[in-house]
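Quick heads-up: structures coming right below.
In what comes next, subunit A is part of two complexes: it sits with subunit B in the first one and with subunit C in the second one.
For the complex of A and B:
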């Protein structure tokens, strides 16, 4: 992708009236006819298509219950005070008895999806899912219980929609393509290490974002 | 012995020949009048939206029926306009408020009674001796009603739109008249049938005098406030220009009047510059002598109108002073030059 540092304007003979008329009107009409016969439509037809987001996108947050050490760092760092710790009785395997421990729950009424809780978690017990288009029936539903917080929310758009992504084409500019066209190549090239690569990519994106 | 079948046949023949193909009725109501105009206008509005969307990286009407590209959207809009409540504001001048849109539609479709659809004299709606002059004269009537409805609306946006419309009328009327009449010295007749007969061999007057065609084309675009001259009803400045106070079917009439006017003038341009029913020679009978040539004219005029609509996707809107300076400083000298070209071609005997 070659992007010149300084765009150099083309020399157009616009001094005379005829030059202005030709360069202005016929040039515009030529561009219009070109796009009429070879359209480059970039509108996202949302329910029928959705943008396939990368791993590392700060979508909804899911808790891995077994990794959580109840340190409450997530609740402390949360700038919107969306994360709260709740006490529940759990069976401790080492001590072999029931005891009270604290676990985080989230209130999506308040959450701003900054991802600080995921970044700060010492045992990586929290992670993002790469989608954010979700509907709750009421505001009370958006305050998750501990059970709901451990489940990945259902990605309804992916059931009917086609995943698309936007790539930069050198001739046409920004174009909308089906996700398989681009992601398929990555899968082929990387083979078995694709998941590792995407994880690394995700970490990079998170680090850059944080 | 008169059988029922024979009576039915005779009645049907009579209806076909004396009502449907009775020339004034046929031309005003069926082709190229109201019904054809309505179908063409629905198609053209759809085409305009889709073409603008294609060029501007959008989809346009799509969701209502994805397979046909949202073609039924316009029919839905038509039904919506039809059943919407017509709200008449208390401050308007009622009679002129009601009369103006209807008169605009009627007068914009009226020139079609003066254009021939065939060379068979049996199917001419009026005697064709001065038909070009009559058609051009009738086509200049309907914009007055736009000014009238803006005045009757008693609304500041409508009045500003009406003032702009009157500026534009003064600018384009001369161009349209001069450039459409520029072919008269070339063929030395006002008879539209003779004008089409001259072009029968493939020598279209639009090719012999392209400047006149270009001028007439631009004048039609200006007169129907299409892009880039959508100055009277510029949505971003004036709400809807002269049509601000109208709602429901009355607004639909206003919007349709502009398109029907564009359609009428496209038919006129087709006959004068693009050869009318040119490669086809009308034969005897209703179908070969009247229906087929009128359909050929309709097809050509639809292409002209589609090109006019395509400009929406490319151009922005000129300011009023830019449009007026273009009209007075460039287009009127060009129209007079086209007149001169016609006289020169006549002098050198281009048309034997």
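For the complex of A and C:
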């Protein structure tokens, strides 16, 4: 068998006493000072800003009633037993009569957002919405009725907050930018209020190193 | 000393004069719930006893009552920051019983997520290590840089931590179109960043004084105790599952396995930094491979051959609300029956060797799943490494082993 992986003996860098005392301290200080003036900040000012997640994020789940064929695969595969089937009387268009059919409802007290139900649905009657920050008033509200399960939950943060997204950068790792709906063009986020608040946090983080 | 009362399962430990017992835990702000009994004579630890079983959660028994696929999200809960590595051997073992071998693209995708998880896990461990030593800068840095790799994992799987990514026969998603360039940027960023980690933390004289020669685990002792993972490689033993028994795509990738000889806390911190470097190489190689090859073979034919047109449309992004590059699961996954048989599999998780033994009697639930997690094998080292050191060295040794209580007691 071909094994390209090879062990490579390495050594912890040793330094002379002078090198350690001078170079070690100076190196640490230099890096600290560098990031004091040019910090990497990724702090999200949450209620004022929210992350615009991309499609494909496993958020809350919505049922498309007309596509459901009552196969109960979603309820069977659910690892947390959050999905249950309920019987209701519906008018069947093919057979032209009222009949009992089963439809899934979800209990968000139990749901772990693994997305197995969405992936196993043979008609793609379930889909994820790309957000996850919702508030319910009581535990009972989190057990959805069939009507609620068909509606996309209200995304309250999006009403007031500014959508931001993080892009990858070679120098900074992740950089927070404003999310623009059309065209996909992004600009650097440099609001006055935003940077003032992150400034304080950045200094705190630097405190330990300097 | 007169006879102490004896009850089954009860252990009575006489405490010597001038020795005090300190309990580290049960709620630890750094690492989660765990408990270590420490006896100190003055400031010197004379006896250290990790309380194995303190946060036991009956993972193995729970697995016996769940369908095969439902165990994947369950086992992830052992170490959610290392989710793909933790569930992969279970999936591999079940694949061995089902007698299927995932196609090459699925293998590369799994390898890719495994390495992203390994980096995220090492950075998490280093951040905790830093804050244990009072170095809160490293804590902020490591957790901030971990966010880069958590974001990569989110782009790939749709979830930050509990990915549930490998399933029997394949994976659940293919890489998004902009993933390769993002991964390369992240890798280049992290490589530069590791040099700065060395400057501010590992070569910082304050930190070296705390770590050098502290908690030395020599070769013989490490072998005796069965330590695994980066901890054993820091003691000079060339042992890595990726080396001795390559799984998934590791036999086609070119990478090194860093070995350090010292065996002290500093070497254990360095071995993680070097491993992150190698993981970045692996990510770049895997991404190159995935870009070069056509998008096919993400799921074994047995589960994809009869896929209806709708499934292929969803994969190709033709249904607007459904997303793109999603691999649908066939409905038979919900009621999968695995033929009778037994299999075992192991992978190199972030903290060491992760081993599963799976036994089936032909039903829709496993007959037995045995889990051996790396932190469980590493924790016993505390008992032998710590005595003789001062109490202030406990966090340094504890942090350098990068040990994770939920995985220790599963």
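Basically, the second predicted complex is superposed on the first by the 141 of 210 C-alpha atoms of A that agree within 3 Å, B and C clash if a C-alpha of one lies under 4 Å from a C-alpha of the other, contacts with A are read in each partner's own complex, and residues count from 1 in each chain.
Note that a residue touches a chain if its C-beta (ideal position, glycine included) is under 8 Å from a C-beta of that chain, and two chains touch if they have at least 3 such contacts.
Here the structure is a predicted model, which is why all the values come from computation and not from measurement.
K.L.:
Considering only touches as defined above, state whether A:31 meets subunit B (first), subunit C (second), both or neither.
P.N.:
Both: A:31 reaches subunit B and subunit C.
K.L.:
A:157 in the overlay: touching subunit B, subunit C, both, or neither? Say first, second, both or neither.
P.N.:
neither
K.L.:
Just to be sure I read the superposition right, which of the two partners does A:45 touch: subunit B = first, subunit C = second, or both, or neither?
P.N.:
A:45 sits against subunit B, while subunit C stays out of touch.
K.L.:
First (subunit B), second (subunit C), both or neither: which does A:124 touch?
P.N.:
A:124 contacts subunit C only, not subunit B.
K.L.:
First (subunit B), second (subunit C), both or neither: which does A:165 touch?
P.N.:
Neither: A:165 stays clear of subunit B and subunit C.
K.L.:
Is subunit A touched at more residues by subunit B or by subunit C?
P.N.:
The partner with more contacted residues on subunit A is C.
K.L.:
With both complexes superposed on chain A, which partner does A:116 reach: first (subunit B), second (subunit C), both or neither?
P.N.:
Second partner only.
K.L.:
Which of the two partners, first being subunit B and second being subunit C, lies in contact with A:56: first, second, both, or neither?
P.N.:
It touches subunit C, and subunit B stays clear.
K.L.:
Looking at A:71 after the superposition, I want to know if it touches subunit B, subunit C, both of them or none. Which is it: first, second, both, neither?
P.N.:
After superposition on chain A, A:71 lies in contact with subunit C alone.
K.L.:
Please identify the positions on subunit A that touch both subunit B and subunit C, taking each partner from its own complex.
P.N.:
28, 31-32, 40, 42
K.L.:
What part of subunit A is in contact with subunit B in the complex they form?
P.N.:
28-29, 31-32, 35-36, 39-43, 45
K.L.:
Per the contact definition, I'd like the list of subunit A residues that touch subunit C in the complex.
P.N.:
Touch residues, subunit A against subunit C: 1-13, 15, 20-21, 23-25, 27-28, 30-32, 40, 42, 54-58, 71, 73, 76-80, 112-116, 119-120, 122-124, 127-128, 166, 168-174, 205-210.
K.L.:
Using the touch definition up top, name the residues of subunit C that touch subunit A in the complex.
P.N.:
66-67, 69-74, 134-141, 144-145, 147-148, 151, 154-155, 158-159, 162, 164, 172-173, 176, 181-182, 185-186, 188-190, 193, 196, 198-200, 203-205, 208, 238, 240, 242-243, 246, 250-262, 266-267, 270, 274, 308, 310, 314, 319, 321-331, 333-335
K.L.:
Any idea which subunit B residues touch subunit A in the complex?
P.N.:
On the subunit B side, the touching residues are 51, 53-59, 62, 310, 313-315.
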